[in-house]
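Structures follow.
Shared between the two complexes below is chain A, which has chain B as its partner in the first and chain C in the second.
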Partner chain A sequence: MTSKTSFPTGLPRLGAQIAPILIVCAIVFALPLVLNNDFLLNKVARYLVLGILTVSLALSWGFGGILNLGQAMSFGIGSYAMAMALKLKTIPVHTGSGGLPDFMVWNNVARLPWFWQPFKSLSFALAAGIIVPALVAAALGWFIFRSRVTGVYVSIITLATMVVLNLVIIDQQSFTGGFNGITDLAQLEIFGFAFDAYGRATFYLVASCVALSLLVAFAFTRTKAGLVVQAIRDHEGRVRYFGYDVAAYQIFVFALSAAIAGLAGMLYTIVMEFASPTFLGVQLSLSVVVWCAVGGRQSLVGAFLGAVLVAGMQGALSESAAFLETWTLVMGALFVLVVLFLPKGLAGLTKSAWRWIVRRRLASQGIARGVGQTREGSA
Partner chain B sequence: MDQFFEQIITGLSIGSILLLVALGLSIIYGSMGIINLAHGEFVMLGAYTAWLFQTYFGLGLLASLVPIFIAVAVIGWIIERLVLSLLHNRPLDTILATWGVGIMLQQGIRLMFGSELRYVQMPPSLSDSVDVFGLSVSSYRMFLFIVAIALFAATWFLMNRTTIGMKLRAIMQDRSVAASFGINSRRVYGLTFGYGAGLAGLAGALVSPLKSVSPDMGTGYVIDAFMVVVLGGVQSLGGTVASAFILGELSGGIAFLQNDTVAKALVLIAIVVLIRFRPEGLFTTRVRA
Partner chain C sequence: MRISRRTLMKNAAALGAFAGAGFPHIWVKNADLARAAGGEIKVGVLFSLTGTTAIIEESLNKATILAIEEINAAGGIKGSKIVPIIEDPASDPATFSEKARKLVVGDKCVSVFGSYTSASRKAVLPVFERQNNLYWYPTLYEGRECSKNVVYTGAVPNQQQDEFVPWLIKKFGKKFYLIGSNYIYPKEENNYCKKLLEKYGGEVVAEEYVPLGHSEFSSVINKMRSTQPNVIFSTVVGDSVVALHRQYRAAGLDPEKMPMASLTTSENEVAAMGGEAAAGHFTSAPYFQVYKSPENEKFVAAYQKRWGADKVTHFVSEACYFQTYLFKQAVEKLATSDIAPPTIRDAVKGAETIAPQGKVRIEPENLHTWLWPKIAQCKSSGQFEILVEAKEWLKPVPYAAYPGQVCTEKGLVEKS
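Right, the complex of A and B next:
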């Protein structure tokens, strides 16, 4: 009996944890059957991508205890990697073969800068969109975690790093497109398969990445490394005394989270058809934290749904500008209330509500069958 | 040579603004352990209050400094009472709560006054320039430098030579022991946060003649100010002063050779690298945790 109901390490049962993920993925894949409007589908795809970004934050914040206020930096890097590759594809059409991206021509750049060269290869760009954010995060993480910098300092440093990168991108207009970002991109084509931002193929690509990132993140939280990371979140010192290299685990989860955010960034470029400095702006980075907190930072599905629902609601309200302004105010208030009274977000609320219902039901059964039965049922 | 001194003075001027903004932040973080992400919004509130006094009551900047300090301090005190006092044992959550408060303040001001830029007039008595070692320096910038130093001195005095400062230092060392000696920590925390907020408001009012006033003006200041606190080390007022002027000189110097953005990037990289070797900041002696 015990071997089936409880896991030896005290982990919640696999099935109970993975079921919500599978259900959410199934709903996401079924969406095109209901939504028969390409424009709407593109909008939903956008929210799904933001959901992936929020899952990446939940991984480092909810599970690793690392509140990365600059999560949008990895997102932005991924987005620019994709945009650079797709921009280079437009050269033959815009400026003739052997030319330069159009904004470089306007800025009198003579040669393609060295860091643009490798993006001529699409497969390099696809890899770079994931690996570069991870490497940047690992490097930053090395400085932060090897110094045993913790808590609030990490948040400040990540925030500042993102702001500075944002300023650099805006400043270096001739190489990055500056304030306007990189616009007017070609379509992504893989194996002769074109991903139109408004097409079903793109939606299914996004949906697959949603499933992939949720499952990868979930799988990580079940591995030994994932458990150590959660132990570090709960009591860093104790894990260190056990002889674990705390910093190495922190750097790893930090980089993994950045890699997922980079993937989301690449998808965002495909869905939005441009890359912009606002993709690594404070505004977006803040919103991700809010979504994650509202949905539930310690639940991957919760964080994902938090992003999709709140961003979706914001999108629906953004039709009228006056409403949007008030909405931001309401968001701030909502966020403060969630932080004060619902630290585990809506996911935590759902969980306790579910437990309460189960206990009520068991209690009423317990009256009929005796108390021993109840204890076994809830184990 | 003249150019060199000019650069030094530009650096001092940047440094004094940094110090003005960072002082309140450093007090709040050092004594309460709260990273106040709404600090930039307090700066913004101070600037808007200055603009309000000027536009609706015709009050000059110098005359309105004290009311501005009081107004923003009261707002800070209310926020501490309503929100932060509920989060005493959750330091990471105070970041989020203050961030949320910051959004609300920023958006509230935007809804009330619109997002267009506002301008505050420089006090006429300080709009000329003075001669320092043969260089002509704007007297307003001299004034800022003097005020920054004076505020630092006042804060130091408050912390180290008054009863309320002593109570605060006692709470910092051990809250429950302090409480058992009859110190009302809730009251002290409220006052401390209010004082820090008031300082930020003063900073905002004082920089408002130099820069334009807008709802999102605080964001830029707060990140620079955090860098000052990180470099100076927490719980070290002297460190905050030194690092404000070091960062001021560095930013001024690099900005002169390159540009503002490069200066910001290089200063940030320098700080991140430095943290690797001195995680507790440049100017703190090692303390037992």
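Right, the complex of A and C next:
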């Protein structure tokens, strides 16, 4: 690759890579033109949020080679941060005086615990929803990657950490709402502008975050750090011999991915109007891995679309009378199909289809020319 | 990667199967359907058919469907058929919320029958309150809720305990061991139980909560041995009930000396653990399958005919059944053009029907239900024997443990 036309670092050209992201973002922003129904807007917004979560996993798994089975932990932390702030904004109809959240009154808590206090400020909550997951991930990453833990053990540690946090939340119900989660929330209001879960404002907020996270993740993969991270994925030892601090890069991508997941979690609370321990449950966390695999983990757009399509299909299938009893089976069968025939996911399929079309066209042009020549010749 | 035409076709076929299998459904718009158009009244049925609570919730789905089929077979509601739209919320609060939105906002149902766990009710509550729709909740629960958008047809703590706790003290003694699953329902029931114990001179020897789904009770049983309570007051739920009973029996404890008194063990749980393990223990509830009344005999016979002779009915499925009839009664009072959730809510206030458990009534103040408390002992056959029947129906007091608070038609009122 020494020809002058190619990109100096050997990367595919920027335009070809960023085009799919821009197209997908444009489609997402145009969706409200088609979805003129509050319920559908809300529903699609929910799938878009799950899409952001899956992009965050694609970043750490597809690009960093770190299969984080506990990705929903960051998502859940973000979701609870938002829910705590919105809970404190409710008029305490169920509680009476003192403004304590209702579940605390039920559990005979007398005073707002210290770690709830700062959530009276919405700006603190908004920052915490992103920074706390990133810090938690960085701390966890520090232990994992400094000790050179790799492969399946990383997955086990992340999964176990998430389960522990999940159990703590369920167990400490006087401070967290326990199994029921945090419900009865106020609407998010920023500068007097209300984000109704069914409104367009919320949809565009989610859509902007889709664009933001896709672009941030994409930009990272193009930086030098992003390239080193991908090199570590491909051959960790070799990168270490070059003198790079492998663990530092891994911790960084791990934390960046957690921050994006935290953002998604905050949006999820706005769209769903509650926070629940199932948001950091094993089931959701593993679903994200499946969506990522279906979409194509080495493609940010692919992972995003994988989540939106599969979650959307899951919803549609379970709602159709014909599949009411069997929808889980159908979903399972489809996953098997994808894993068997589309190892690189939908993104891989699209890429090979594109190449095939290009080659076909080139070939057919060649043939056409050839045929034309013979006709001329024979005429 | 080189790709042949054949692989591409194969891949494309996989993709086609993937995309064609229903995704376009989400674009279907039905925003403008009238609520009771064309002689059809749409209601949602929202009980999990898959996931962790599927076994119990399936029986609730079946009881609801049975009642709807019966009503339709008898001519519907003033000529209109009830059309149930069944959704599977998969035992997951987020899915509950999504499906509730679909039923309320998408399908424009006038009411939704659903939920077993409090967590799932809490998850759908914002949907019903914001859309001013009506949710019919059949399960016994912890009380302390005062929503204008929920009709509660299960028992609240005062209806299960007011008679039960003094009866247990009199019959077995005053030392109570409180054991429950770790979430809000058992905690609230125990809050109320402790009040009653104080009133009747009982005492708590231990209060313990195990995680949901917990199945290892040996340390709990050891503690029971050492504290020697007269009554084990259990609000353990789900699969843990089965484990607790089996391990109690395996440990050789004697129900005659130290019986378990449960608010949650129904015919359904007994069927799962086997009658042997449950025999000798007590449950307080408004309904048991063996209750003798013409309405109940009809209900049990119809249920078993429709869903299988081995199926049992229990106090939550009974509530599913009679609440559907209460819905019918409320809608009957309305002109077809008036059928909407708020009018149904107003029409159901004070409504009465003869349920399998006896005559029930919706309390206009708080939309909870007047019920008939009963105390029964389980037999090794897997059925209960009713020992005590309330002489009159009992008013629902969802804030019974909190004398300062009353649920009224206008919402929760604080009395200082």
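Criterion: the second predicted complex is superposed on the first by the 329 of 379 C-alpha atoms of A that agree within 3 Å, B and C clash if a C-alpha of one lies under 4 Å from a C-alpha of the other, contacts with A are read in each partner's own complex, and residues count from 1 in each chain.
Here is the rule we go by: contacts are C-beta pairs under 8 Å (C-beta built on N, C-alpha and C of every residue); 3 or more make two chains touch, one makes a residue touch a chain.
In this text the structure is predicted, and so the values were computed from the model without any measurement.
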| item | value |
| --- | --- |
| Chain B versus chain C as contact partner of A:I156, first or second or both or neither | first |
| Which superposed partner A:R240 touches (first chain B, second chain C, both, neither) | neither |
| More chain A residues in contact - chain B or chain C | C |
| Touching partner for A:V289 - first (chain B), second (chain C), both, neither | first |
| Partner chain in contact with A:N37 - chain B first, chain C second, else both or neither | second |
| Which superposed partner A:D171 touches (first chain B, second chain C, both, neither) | both |
| First (chain B), second (chain C), both or neither touched by A:E325 | both |
| Contacts of A:L67 with chain B and chain C, given as first, second, both or neither | first |
| Chain B versus chain C as contact partner of A:L140, first or second or both or neither | first |
| Which of chain B and chain C A:K120 touches, first, second, both or neither | neither |
| Shared chain A contacts, counted only where both chain B and chain C touch the same residue | 167, 170-171, 325, 328 |
| In the complex, chain B residues that touch chain A | 29, 35, 83, 86-87, 90-93, 95-97, 99-104, 107-108, 110-111, 219, 223, 226-227, 230, 259, 261-262, 264-265, 268, 272-273, 275-277, 279 |
| Complex contact set, residues of chain C against chain A | 1, 3, 5, 7-8, 10-12, 14-15, 17-19, 21-27, 29, 31, 49-50, 86-88, 90, 92-94, 97-99, 101-102, 105-106, 118-119, 122-123, 125-127, 130, 144-146, 182-184, 187-188, 211-212, 404-405, 411-412, 414 |
| Chain B-facing residues of chain A, complex | 65, 67, 69, 140, 143-144, 146-149, 151-153, 155-157, 159-161, 163-164, 167-168, 170-171, 282, 286, 289-290, 293, 325-326, 328-329, 331-333, 335-336, 339-340, 343 |
| Of chain A, residues touching chain C in the complex | 34-40, 42-44, 46, 93-94, 96, 103, 106-107, 167, 170-171, 173, 178-181, 183-185, 197-198, 272-274, 276, 278-279, 283-284, 309, 312-313, 315-321, 323-325, 327-328, 330, 334, 337-338, 341-342, 346, 348-349, 352-353, 355-356 |
